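Letters A, B, C and D name the chains as they come in the text, with residue numbers starting at 1 for each one.
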Amino acid sequence: MAIIIDDKTRVVVQGATGKQGSFHLKQMLAYGSNVVAGTSASKAGQSVEGVPVYDNVFAAAEAEQPNASIIFIPAQGAKAAAFEAIEAGIKTVVIITEHIPVHDAMEIMALAEIKGATIIGPNTFGIISPGKCKMGIMPNSIYLPGKTGIVARSGTLSYEIVYNLTAAGMGQSTVVGLGGDRVPGLSFIDLLQRFEADPETENVVLVGEIGGNAEEEAAEYIKTMRKPVVAFLAGKSAPPGKRMGHAGAIIERGKGTFESKVKALAAAGAKVASLPWEVPELLSGGSV
Amino acid sequence: MAIIIDDKTRVVVQGATGKQGSFHLKQMLAYGSNVVAGTSASKAGQSVEGVPVYDNVFAAAEAEQPNASIIFIPAQGAKAAAFEAIEAGIKTVVIITEHIPVHDAMEIMALAEIKGATIIGPNTFGIISPGKCKMGIMPNSIYLPGKTGIVARSGTLSYEIVYNLTAAGMGQSTVVGLGGDRVPGLSFIDLLQRFEADPETENVVLVGEIGGNAEEEAAEYIKTMRKPVVAFLAGKSAPPGKRMGHAGAIIERGKGTFESKVKALAAAGAKVASLPWEVPELLSGGSV
Amino acid sequence: MKLFEFMAKELFSQYGIPVPRGKVVKSPEEAAAASREIGAVVVKSQILSGGRGKAGGIKFADTPQEAADMAQSILGTDLKGFVVDTLLVEEKIKIDQELYLAITIDKANRSPILISSASGGMDIEELSEDKLVKRNIDVGIGLQPYLARELARKLGLTGGVAQQASEIMVKLYKLFREKDAELVEINPLVVSGDTVLAADGKINIDDEALYRVGDSVPHTEERTELEQKAAALGISYVQLDGDIAVMANGAGITMATLDILQYYGGRPANFMDAGGGAGVEPTAKALEILLASNPKAILVNIFGGITRCDDVAKAFAQVKQTRGIDVPMVIRLVGTNQEEGVRILKENGIDSYRTIKEAVEKVVEITGTKAVE
Amino acid sequence: MKLFEFMAKELFSQYGIPVPRGKVVKSPEEAAAASREIGAVVVKSQILSGGRGKAGGIKFADTPQEAADMAQSILGTDLKGFVVDTLLVEEKIKIDQELYLAITIDKANRSPILISSASGGMDIEELSEDKLVKRNIDVGIGLQPYLARELARKLGLTGGVAQQASEIMVKLYKLFREKDAELVEINPLVVSGDTVLAADGKINIDDEALYRVGDSVPHTEERTELEQKAAALGISYVQLDGDIAVMANGAGITMATLDILQYYGGRPANFMDAGGGAGVEPTAKALEILLASNPKAILVNIFGGITRCDDVAKAFAQVKQTRGIDVPMVIRLVGTNQEEGVRILKENGIDSYRTIKEAVEKVVEITGTKAVE
């Protein structure tokens, strides 16, 4: 098992011939991901690391039957790239691209909902089911197959957590980056539900940060979960952020602070780590 | 049973205070339909025949929980009216209005599909499950509760068929008008499937006409049906219609003529009546 | 509403779709002048029908004199039922490949459909399916450039030609949507050297949408005067060659009424669908249109739904009282407010029937046609 | 990017949303002239912050002389950290009711959300939920007039006021979408007699969309020079008041690095998220920004993903070789191309650590802060 991607995932890389796309295509292949196709408007017919490059996702889909796409297209073309993947029938789309206008992100999410596609990102490090498939830009070396599901808002911080888990001999079932943008495709709850349902996952780490009320909402769901959850949150020392008018205040209603999140998660039964390297100990049932 | 509407249907009339809307609201009430609300942008707070009138479908939905809407709004406002009903959560929308631009109709159908709403019409006489609920503009007097399902492209021609059935003592489970416009919400097949699944319906009458290839497509489904189907088609004496460029010819591929339809239906096992008053005899298992 | 080729090309130009240089002319002199400006030309009759080439409505001219001669030979002739009074004089283009490109409405899918082929030109509808590239367009998404590029690729196009063709698709879809078209068609879409351009074009605008796009598109009229008069009343009216005038309400019942009349040996003088919900005045005017065609008898078949029988009866009574009705009328009247309608007719000395069978048998008997049965 | 009130109102006017008559002025003389033209006015400081009224940045004047006096008293003062150099002089309007109307992005629902209230004005965020009318807008459908009318009804508005308010909602949504706004807010939306108008307005434009809407909206700048310099490199940089400069890659890890540093008793001099995938040159420039702030030491925490450790190492080596680095540097470096990065650093005499704990302990030790443990 694992969630969302596994050894049956057939990956198409959109923007496979660009600097980032070709670099990470190679890294994904090196990790063992089943990358079956790339796309490039100008370099169709070529290949990258032995992976055939097609004009677009439709052509790639016809020839190679991918079921997941990863997008390395610059922000100005990213909406079209995501639409293309969705219209071509791809059901799992990982958008690495950052700096996508938030209105574009809303349009992508609206279309994905209509067409039943799952979007990971934008501005995500991606998703990895260790030992099975990696779709993302995370370093290959730090993951270990195992039983802990990890969901994070921030990429590098998740690497830190994984690094500590792996060092402690605790493997991961799937590690997912929600993406750092304002409108991500999936929420903490979406992932917690999947981890709760996944027979291979025994416990879950939630890596959050200040701002928004996603962690507080996740806490509501954690109350109902059977599997243990450990949380780590960043931003304790950050100065108060700028708020988005009255409307922002009305939506957040006092949520969004470090204290509010810690309180909600602890009340829901999650253990909250103060330092990243405390996570393995807390997962093992210990305290710090 | 019956299909789509029955005695649990709660009807809201959009455009309840106009000439057509108020006339048919009264007729529907007289038939026994459970008309729970009307809407009118300018006459909210009033009532029509004792039915309360609200500003819009959202307000009507909040107060009276209708689950079906019938639209008597002029063509220029009909798309907005249908969108309003769908956005307000109504799942069965009957559009009586004629002369709706075909691009508006396509947009209505696209939204309905996304939101899971069923559209009957536009330019339809409506739908009636005799003895239970009428949503439409058909005369109240001619229907008889019974076991025959009827689906028709044209209103008045369906009255003719029903008139003959009722005169022969053969009642109807549900009678549905697909609507005479170029882009109707439902196809013959959609209705045949529902009739095939409806325990109360024993046999089905399909009332078609020349043009398009809807009858030929229906014939493909009729081949798989358990219940008997009798068809009547109009247009045998009509001069050949004007075709819509090469594109129309490519889509129709020689279908659309009276002969093509009769042939397809007969080959599928349907009995085809030459005159409207032959339908009851054919339904009874006789021949003419 | 169909547009002439030159109008379609004006709209193409507005949307950035390349077309050959050309001039609209109405005389041999103007044709010669156009040729002087353009060079070698093709002289094309402007009629609201396809198949002009085979019918002799398209000719080539290398010199202004030839252009004038060709114009002379076409102007005023009858082509497929249309008298030619307008020509499009266009530069002759080198044709390397003829493509076909159309967007229309796919009723079955309830969405726009793009149909294209790398084998355009004449006899396109004879092409086998494997020569066609078809794709339904999601109206919520529109025809996005990436999909257009994929369709161009499927047509086997490459390089700059593929790029231009895909851009033309996107522009044509925009035109289709913004102008409420039922059909936009480019046949052939010509590859000429390294450019792609629309050598011929058809556009049909949705009549129901003219209220909102009417000012932004040119207008044409292909109905007869009587048909226009009927249309102004919201009535579908088509002249036929029989002697029994027919009125019914609803396209299906009108067709069925003609079928039944013919089945019993009668010959309909027209198709008239008086529509649903017509009130007293429109119905009276519809009856006057029927009377104006001097039929032997009039057959009326009304099954009242949104149309009210009392309104119909009042209209007939009114026409009888004011104008007089000098031919036999046979009326079948049932449905909404039937009793009141029958009463009004009776008061005015008009008999009505409850079944179409009775009515048709009666009208056939009156006009002396022999019945089949 | 936040817009000034007067800029927001210019956009409102472009979209047909009524605003009070007003003039933008920069001196007491101009304020007097505006008052002569308009009559009784309100003089409003233009700063990129709310709460101006309570802070004394909004004053009323009945005469030109009063307007000049009020302008004099506000111009040049410091309001909420901004020096006032621009005023909006507006007609004083009769206020019968203050509404609140905003459209922003609902992250949880991944769609726009309209928030409104019949109790607008100050302290709007203190209102209880039952005083608010909220509705998510489906981006595929947009905010249609029927929904806007329903929302106006829910606010308890009736007649012409309801109609105007609903039209303003539709226009505000159009502005929100077309200008790539993160927030459009009218507070208060004033009912004055039988008209409705926007008495104050806030607009935030999505920075990421400035490439496409930038030319159609006015520009403002509220970042310091160093922050702008960092932003031009794609780097998030915020000055803090400690003495240890910090660089990390990714917002989350940067925040966590500050947290850990603080946990161990260190005081960060800044927040610097060097972003993902920065190459050699941007990283070198980021390091130079850190050096320019004269810290006691520099703490770098790089977990390479899209960022490559060898690029980071090359950047540090380059700065050390060209500019020189005169403060202690503590680097934690793991991830993509880690071995190569560590090797390059070592060649250039820079030590690196494999855990953040070691790195933080080291930097705290160097700067002489006492550790917690």
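Note that in this section contacts are C-beta pairs under 8 Å (C-beta built on N, C-alpha and C of every residue); 3 or more make two chains touch, one makes a residue touch a chain.
In this text the structure is predicted, and so the values were computed from the model without any measurement.
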Using the contact definition stated above, find the chains touching both subunit B and subunit D. none
If you walk touching chains, what's the least steps from subunit A to subunit C? 1
Taking the mean of the CA coordinates per chain, how far is subunit A from subunit D in Å? 26
Just the number, please: Cα centre separation of subunit C and subunit D in whole Å. 58
Rounded to the nearest Å, the gap between Cα centres of subunit A and subunit B is 47
Using the average of all C-alpha atoms in each chain as its centre, how far is it in Å between subunit B and subunit C? 26
Of all residues in subunit B, which are in touch with two or more distinct other chains? 111, 114
Per-residue multi-chain contacts in subunit D, two or more chains: 138, 140
With chains as vertices and touches as edges, which is it: line, ring, star, complete or other? ring
All chain pairs satisfying the touch rule are A-C, A-D, B-C, B-D
Which part of subunit D faces subunit A closely enough to touch in the complex? 50, 100, 102-108, 110-113, 115, 124-125, 127, 132, 138-140, 177, 180, 182-183, 185, 187, 202, 204, 206, 208-209, 211-212, 238, 240, 248-253, 255-256, 258-263, 268, 271, 275-277, 303-306, 334-336, 338, 355-357
Under the touch definition given earlier, write down the residues of subunit B that touch subunit D in their complex. 41, 55-59, 80-81, 83-84, 87, 111, 114
Applying the document's contact rule, which stretches of subunit A touch subunit D when the two form their complex? 20, 24, 27, 75-76, 96, 98-107, 109-111, 114, 125, 136-142, 152-160, 163, 180, 182-185, 187, 207, 209-210, 212-214, 217, 232, 234-239, 244-251, 274-277
If you look only at subunit C, which of its residues touch subunit A in the complex? 138, 140-141, 144-147, 149-150, 153
